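Have a look at this one.
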Amino acid sequence: MISDRKLEHLLICKNYDVEFKNKTTGFEDIELIHNALPEIDKNDIDLSTSVFGKKLDSPLFITAITGGHPSSKEINEQLAIVAEENNIALGVGSQRAACEHPELEDTYSVVRDNAPDCLLIGNIGAPQLNLANKAVEILDADILAIHLNPLQESIQPEGDLDARGYLDLISKITDAVDIPVMAKETGCGISGDTARQLADAGVSFIDIEGAGGTSWAAVETYRAEDRYYGELFWDWGIPTAISTAEVVNNVDIPVISSGGIRSGLEAAKAIALGADSVGMALPFLKKSISHEELTQFIHKFNDSLRIAMFLVGANNIEELKQSKLVV
Amino acid sequence: MISDRKLEHLLICKNYDVEFKNKTTGFEDIELIHNALPEIDKNDIDLSTSVFGKKLDSPLFITAITGGHPSSKEINEQLAIVAEENNIALGVGSQRAACEHPELEDTYSVVRDNAPDCLLIGNIGAPQLNLANKAVEILDADILAIHLNPLQESIQPEGDLDARGYLDLISKITDAVDIPVMAKETGCGISGDTARQLADAGVSFIDIEGAGGTSWAAVETYRAEDRYYGELFWDWGIPTAISTAEVVNNVDIPVISSGGIRSGLEAAKAIALGADSVGMALPFLKKSISHEELTQFIHKFNDSLRIAMFLVGANNIEELKQSKLVV
Amino acid sequence: MISDRKLEHLLICKNYDVEFKNKTTGFEDIELIHNALPEIDKNDIDLSTSVFGKKLDSPLFITAITGGHPSSKEINEQLAIVAEENNIALGVGSQRAACEHPELEDTYSVVRDNAPDCLLIGNIGAPQLNLANKAVEILDADILAIHLNPLQESIQPEGDLDARGYLDLISKITDAVDIPVMAKETGCGISGDTARQLADAGVSFIDIEGAGGTSWAAVETYRAEDRYYGELFWDWGIPTAISTAEVVNNVDIPVISSGGIRSGLEAAKAIALGADSVGMALPFLKKSISHEELTQFIHKFNDSLRIAMFLVGANNIEELKQSKLVV
Amino acid sequence: MISDRKLEHLLICKNYDVEFKNKTTGFEDIELIHNALPEIDKNDIDLSTSVFGKKLDSPLFITAITGGHPSSKEINEQLAIVAEENNIALGVGSQRAACEHPELEDTYSVVRDNAPDCLLIGNIGAPQLNLANKAVEILDADILAIHLNPLQESIQPEGDLDARGYLDLISKITDAVDIPVMAKETGCGISGDTARQLADAGVSFIDIEGAGGTSWAAVETYRAEDRYYGELFWDWGIPTAISTAEVVNNVDIPVISSGGIRSGLEAAKAIALGADSVGMALPFLKKSISHEELTQFIHKFNDSLRIAMFLVGANNIEELKQSKLVV
């Protein structure tokens, strides 16, 4: 059952080491240039950004984590509360389960209940064209994300291995729903070529989710009887910094840099590389044990981003995007 | 006696550390590019390839390992059985012993007996021109390999150190036999220049056998009274990834990438570099303890190759060859 | 109170590890070229240099360390004595405290009392325009340094985070005082762009104080309740060698290379990169426990610089500046 | 007294770690290209080379080690015997002591007594112009080496630090003696510029003695009261591979590559870089405990050089010089 698998994923991600082993995001090789004379007031720095007409207080997305299992309701509720309080964006996990099992709907709808004004992102797979509108409706979503995860499907015993026609399905989903559609990977990144295909198919937002953070080959390794394949492909994927640069240089739609982002300092580098905002999943799952921890985490993210912006002399996200980098 | 030496080689390779120490194949620095939208069905991926008119179910060669000693008969039998069952290619070790000592013939002919339909590769040294047809006949070979191993000859006490006229001998062997002739190294690789000389001499297949896997200087070190030379040259040779790129860029005949290849993921990189197929020796020797181990190993090779192909969106070996790489 | 903070800084710098962790000055990647035929007499090497008309016996600045707390009086006295004896330049720490609390004046004036002929450098922040002349007067300074330290301000709880108008304030300070004005960082370095802005604002001397030595994020980490920000930005900044090259290539005013310089060998590299002299703070603080230690340290600095100059065949600082380097 | 210092040098070099710590010769980054088809007979490889009309059986110099102390007589005798037996070249240590103290003459003349047919190299410093002919006479030298060692002079308490006029003195020495004059460093290497100056001064042979082997800063560190300077400059110098390339590209006279060469494999790389022969000091000193050890060492050097030549297909030193390298 999907819903059991989802519980396993949560438990594995919370308790085991699921991050890349020998590959990093690449951000450690990228340096922002210190400005000894920033000529700005740090207290005036504006972290806000606008996404499809909705204003966020900081360029931060809690990317798709969960839903579809009773235990995920509580997590989603916690995330919704802090997202609302801090006015950041929040995505839910794959909604297929809820669309097919109405009794699970509230594990997703709890999000909108607790985050009435937030930018919320629904989540389906490309084959779930027929569930697209249902998914949007359950969440009252502002954006619908289509997850791409061929590596996870390859390692997972129950994986869906027929990826034919996905581009066409994605195009149909963009036609079917009234809200913007986002394509997102889950930790292997998106190449420049793929980004162009997605934009051509009508996708209006890309969340790159590159290599260096949570590895879904790793997660599935813990679930597999034979660990061989998961260990072999544990570090497969395009490092987040490279994927970010590739995508922003190939398409003109907004881009989220994500996969292994862990602080506002890395976020600043990602945005200076050309991303519009950043996303994180695993850290939010780990902090979801308490409202206090989540609040602190967002606060530290925002403040470390603000320090980095102060030190390069960027008053706002747009100026940060124009900052120079050294590789 | 040759046949004792062959037993020693088997025992050393099975029990001691005979791989390169500080030099690698170079494949770890080469990345295939993740395709988040493969648009293919993993279950339909076709691993088959055609070699001189014979179809293999996967682009995998068990390269020359043994023969010529009673104990190698069993190993060759095991290898022949799995090669036949999985329809992959199989090479035997140097046949000089059998050609000169008819009582050893069955340590080779056992291969054809158990692999009636397989692509089999005979094996002689360049100076054994006069044994070429006999070697082909004993094995009922489809291809005759000529091994090149000047490093091993240099370190081995009994080594043959006169390499004059080899090119001419190779050319004569290609004339003497009716089947395609392959040139293969044994772990030091083949340069672009040497590849061109070989192609000009009429060789129709090159198995590069580069540095990074089994080191024959290492093997002979364990046999030598004085370990000095073997240790000094332990890591000599052209890394497999470099030798592969060099050879495919210099000749138009089919190329096997080998020497330190250990999984389908490395195989995918080798093929994307331009090789037609890959080869392995040491892993097969180590797994030859049981039919089950060998079967599993081939199965995992094929499946990890299939995953890599799925993740770059290659339906078949030809498409994999066209895949892009990042160095 | 400022003055307590100053004592804390002294104690932390003396007792804890406050240097960069994973970032270095970059000098270890730069090599002077050995000259087997120097054609000079090492005993005749002239280390002297002239700074705004005053001759120093060696191109060494004790950069801003302290003042403003009773315990700093003794340190400043010690530093003044060796600076005078060795005729090198000496800077004091921020004079804001003394300008505002006359009872602390003698923690600075003790310097001129003990170093009547030395090149002394006063120290204020850009916002202390109104204290500029007072600072000069208390010290009877030859040069007035304006420190730039946005990182420290960001990490320090009491930090001044409004950096607007600094350039204008700096320009006004250069007008207000009769002596040359220097701009100095405190361990994050100065970029080429910032250097040009400073020169345009009328600054006549730049002390780059780059990354690789004392990290002020580190120092403040030990004082902070929450170590998060200090640890995240511990290694922020432009490595000293890079900042030095950037600044000398962008402006025509004299440049001090500093931040992590620890010997005459690194000093020789910095000068060959184009700096006019070098500076150090932390080593002098650590050696300030005794006159003997300080004297030895300067002696070793001078002599190791002399050896490096002998080995590249440079008779004096001007010739050293023309020496070739390999990166 | 010079002669005591010489004993100390011998004891330190024999018993302590005197080689470079963090800098290498650079040969490990240079690869000869494996030739799977050498087309030569290893047994026919000719290692001989001709130096100013005298034939050596292999391109190997025992570079300047000792003389001038009673205990060095025995070492020089041992070295002379193996040099004669193997027909390689042999240099003696600085002859200044013997020229000034006739009772020490036999510590040098013992060499010619035991090596009547060898290529012998005398050794003086540039300031010993007046001793040049005496030095040649004592040894009955074929070549006179002038050692350049400004680093050692800088670290050594008794060092001669006036290097003015050396080039002129060298030029005068080349005029004064009837035999070819060589310039040699002692472990810091010679730059292209210095090589050109030396050639212009009439020197007809350069022994580069680069960084990566014996460090004379290290040796003198063990003798110094204050280890500071020796430790700071321990790794100073131009790596042997780089110095070799620099010198052969800048002058047309024969070049010895040396400083950290330890085997025939490194020798092969040095010669393929353009050197005419190679030199070693420390290994010979260490093996000088017995005739057997010395003989074995030369034998292994020759044979490892021969293997490298076989594997690149070089019949002789001239062909080896033309071999390709990969960096």
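Per-chain residue numbering starts at 1, and chain names A, B, C and D are given in the order in which the chains are listed.
Please note the rule applied: contacts are C-beta pairs under 8 Å (C-beta built on N, C-alpha and C of every residue); 3 or more make two chains touch, one makes a residue touch a chain.
Just so it is clear, the structure is predicted and the values come from calculations on it, not from any experiment.
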| item | value |
| --- | --- |
| Shared chain contacts [subunit B and subunit D, defined touch] | none |
| Numbering shared by both copies at the subunit C-subunit A contact, with half separating same from different | different |
| Angular offset of subunit C relative to subunit D [C-alpha, multiple of 5 degrees] | 90 |
| Subunit A-subunit B separation of Cα centroids, rounded to whole Å | 45 |
| Whole-Å separation of chain centres (CA-atom averages), subunit B against subunit C | 63 |
| Where subunit A touches two or more other chains, by residue | none |
| Topology of the chain contact graph, where touching chains are joined (line, ring, star, complete, other) | ring |
| Chains touching one another, given as label pairs in label order | A-B, A-C, B-D, C-D |
| Residue ranges of subunit C touching subunit A (in the complex, touch as defined) | 148, 150-151, 154-155, 161-167, 183, 185, 188-191, 193-194, 197-198, 211, 228-229, 232-233, 236-238 |
| Contact footprint of subunit B on subunit D as seen in their complex | 33-43, 263, 265, 300, 303-304, 307, 310-311 |
